[in-house]
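Common to both upcoming complexes is subunit A, partnered first by subunit B, then by subunit C.
Moving on to the complex of A and B:
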């Protein structure tokens, strides 16, 4: 259990305790003038009640939301999170297959990409990209839990070539290929895909179709 | 703090306690745990949250980009012989996106040309109306006017000078249905065997090589073998530029199996050579020495598969007499590495290493293209390349195979298989064979004797016949000989003399300079038809767009021409589907049998490989082994194309018949392609991005050759051969071997073929574009 999720749980428990306190507190004890002795100081009972109310209703939920989201959003970057939905398993199996030559597998083996391998390519850069990826993840989650999908799944829009270019653009091996200069703008605006020439990122839709020769292997994650 | 409490109890769930007897506004608050109202509130809150989440999801679904294409269609790339499957994304009747077809043999990969297919049908310069040359200028005409003139001139020529005075020059880019129809129309209809085309310039030697070796044309192996090979022997080919998805598959194989060795034999340090593990650079024109020398090592050092040879191979001397193992050994004595090393320009140790590698690894695949085909000894190179596989038994297993790469998308299916060359009839039949002629006359329903018994004119002879008036009318379809013929100056003159009809999609091609009539053709997905690429794979391209203006499909043009020539009965199949039915059924009478490839199957499949004799046959990736429907029961390997079921090795000696290099012409010019441009650039050089990014025509040579000539990068040089001269800028590069110049031929305003020799292979008649002796001098400005 990560520190963040522990904190989230603790804060959530505290919120619950606060709520119960507020709800079950004997309001007769809050008559004006009634004081509570706190060891060192004596304060009006109503003030304490109001303070606890403020923290419980106004403060703690925000903190819980913040830590929970941080936890979920950070966690959503992990490969495990993506493979949590079994329709993503073929991509993960293939990516981790040391004999696979898919783009995902080759990048997975590359030293430059140590973790968050799905997220690294599938989130755009900057806050907008991250947000878009999370929203897309939420959309996937709803579809997955409601069963509103059919296998093989297919990418809804286009893979954004900027994810490729942000690392490869400007490097010597990229720049010295004349075809890249020709492709240039078309890659950035999505009219052309890097995979047009550089092969498939993941197993093909045919391979991912239930009943195909590769389906079982891809779904069980058994790497031969 | 006060809390209000309703007068009447709404505690229906019995959760609330009774009111305090002391009675006081505040007293009534705490005892109630959850009121009915609370439950309602909770429910409402939950409902709202769900609704909110649902609405949020709905918004996300609506927002999620779908990509601009509304519909996707399976098709095939327009360009090279790799024949990549593509998926075309369309919207509002336009192709707006293209992706590689993941389920096709190219596994979703294309090259930059294929990735730009979206712009192909929108390129400027399309022909939209027929044109007739009047007073020296091409002027618009109606279809009826133009076709009437064409028919009249063809009829007149046949009447005055016989059927052999008319000719058809076709293309490896027409659909199978179109080439088949033209072939039938000319040979069985007009009685002229003068049916040839650009595949003569491109792969005639490979076709003859296969036919001589196995008795049947077309390769025994397939691209799938790449996934199993451990040695790639790439000779006279530059797949990293010219067949990029094929090369990507080779690199993929090496990435997955690091023991894989890629050998590149090329006088230039091409992009393929850059990626290769071993690059050897022989003197241009000498590589038959290399192949025989490797055979020498294989035989003398015991790397040969004697059992395989005695079971499945027969050998012939150059005079046609049978040869035995002893004769082979004696023949090879002259090719010991130490004896050929100097002429070849390759160290003897390197030759030994290559021979051992080729013979001893579990699976060796050789790939070649124009470097072996476009040569005066093209056929010998092809038979010897196949011989290396036969001597070592590197054939008939996954990954062990010879595979010639091809230049055009449909030279195999459209021209070789339909027999649309001057010496051929469909499915490997020969004009010179009376039984073959009789068979085709019967199938085509024409009287016996209709097909002339002598082969027609091959490309070079055809253009020479226009020069001296033997051929008066030429129907030139979908090809650009005005740029692609070697010794171009000579054949430009020839084209001026004949009545030339040019059927093309684009105006202002180098050939239309000589056209008397120009007919606008639909191109690619503006018409329907079947392409057959390198590995006997047939793929259907559906019609997805309308042709611009009045342009018609080449098939429609041929059918119209047939009608006007009075041959409507012969050319009774009028649509691509009808022609396919006729042609598919015809194939069942041959070892090409693809009668199982119905139109419906082709529509569904991502290509099918013949033989495919029944509708439930999956097609054949590798020939001559079990799985090929013609292999006899119980045989591991069966070369059924020959009468004795044995493949043949021809002991053809090396003779230097290339354009002679001497003191006057001391350097060798070799020509080729670059990845972005395709052939004569008619299509690719009109794409602005490609045009801007690729250099204009120029000569490449190494520093060692440039310095003595006083040439620096960017200087202009005059290159002269025995055939012609051309001036152009020079690029000093590390690619060509010393003594070698390179030039690409895509620039229509810089016709390098004016310099290139028209020497050709004596059997295949394929010209040698690879070795022209030249003289280079600096142009002083």
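Moving on to the complex of A and C:
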């Protein structure tokens, strides 16, 4: 359990305790003159009730939502978070397969990409890209939790080669290949994709179709 | 304040479920159920506070 998860659970539990207090104590039954002894000080019971109400309804939920959303936005970058939805499992299984020759698997084995492998390629480049990826994540969440999808899933839009170029462009191994210079313009404006020459990024749709020969292996996460 | 307590309590249970499991369904419930519950409860609480302060001529 991460620190953020612990913090979220602890704050939510504290809120729940406050809610139970508010639910089982009736505000109308608290007389204005009634006092509560708190060990060091004696305060009006009504003030205690209202203070607990303010903290429980007005204060703690803000803190809980802040930690939970931080966890959602930051936690969503991890590969484990992507594979949490079973439709993504074939991509993750293939990516982690040391014998796989797919683009994702080759990138996963690269020393330059040690974590957040799914997010690094699918988040676009820059602030706008990351924001779009997070909004797209909310759309994925709606479709997955409501079951509004069919297998095999497919990428909604054209994969932007700028995601690849943001890392590869300008590097010596990339510049050394003559065809990169020839294809550069077509890659930049989306007329050509890196996968045209470098092969599939993930298992094909046929492999990911339920009932296919590879489906069970990809879904169970068994790496051969 | 029972209604606010119930709404906030329900949202908190969802948040605990999410924090402990990190399940996609719990994440969906956090974003699309718990957050609106907290907002509705908070808005109702603010309305209650404003009403009380207005009745006491503080506002």
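As a convention for this text, the second predicted complex is superposed on the first by the 169 of 224 C-alpha atoms of A that agree within 3 Å, B and C clash if a C-alpha of one lies under 4 Å from a C-alpha of the other, contacts with A are read in each partner's own complex, and residues count from 1 in each chain.
Assume contacts are C-beta pairs under 8 Å (C-beta built on N, C-alpha and C of every residue); 3 or more make two chains touch, one makes a residue touch a chain.
Remember, predicted model here, so these are calculated numbers, not experimental data.
After overlaying the two complexes on the shared chain, residue contacts for A:142 are found with subunit B and with subunit C alike. Of the two partner chains, subunit B and subunit C are each touched by A:27. Judged by the touch definition given at the top, the superposed model places A:16 against subunit C, while subunit B stays out of reach. In the superposed pair of complexes, A:200 makes contact with subunit B only, with no contact to subunit C. When the two structures are aligned on the shared chain, A:158 is found in touch with subunit B, with no touch to subunit C. Looking at the shared chain after the overlay, A:101 reaches subunit B, while subunit C stays out of its contact range.
Looking at the shared chain after the overlay, A:5 reaches subunit C, while subunit B stays out of its contact range.
Of the two partner chains placed by the overlay, neither subunit B nor subunit C lies in contact with A:212. When the two structures are aligned on the shared chain, A:188 is found in touch with neither subunit B nor subunit C.
Under the contact criterion defined above, the residues of subunit A that touch both subunit B in one complex and subunit C in the other are 27, 138, 142. Subunit B meets subunit A in the complex at residues 1, 3, 26-27, 29-30, 53, 56-57, 60-61, 63-67, 96-100, 102-103, 107-112, 114-116, 118, 244-245, 248, 252, 255-256, 675-676, 689-690, 693-694. For subunit C in complex with subunit A, the touching residues are 1-2, 4-6, 8-9, 11-13, 15-16, 18-20, 22-25, 27-32, 34-35, 38, 41-42, 45-46.
The touching residues of subunit A, counted against subunit B in their complex, run 24-28, 30, 46, 49-50, 99, 101, 106, 135-136, 138-139, 142, 156-158, 178-179, 181-184, 186, 190-193, 195-200, 204-206.
Within the complex formed with subunit C, the subunit A residues making contact are 1, 5-6, 8-9, 12-13, 15-16, 18-20, 22-23, 27, 53-54, 56-58, 61, 64-65, 68, 71-72, 75, 81, 84-85, 138, 141-142, 144-145.
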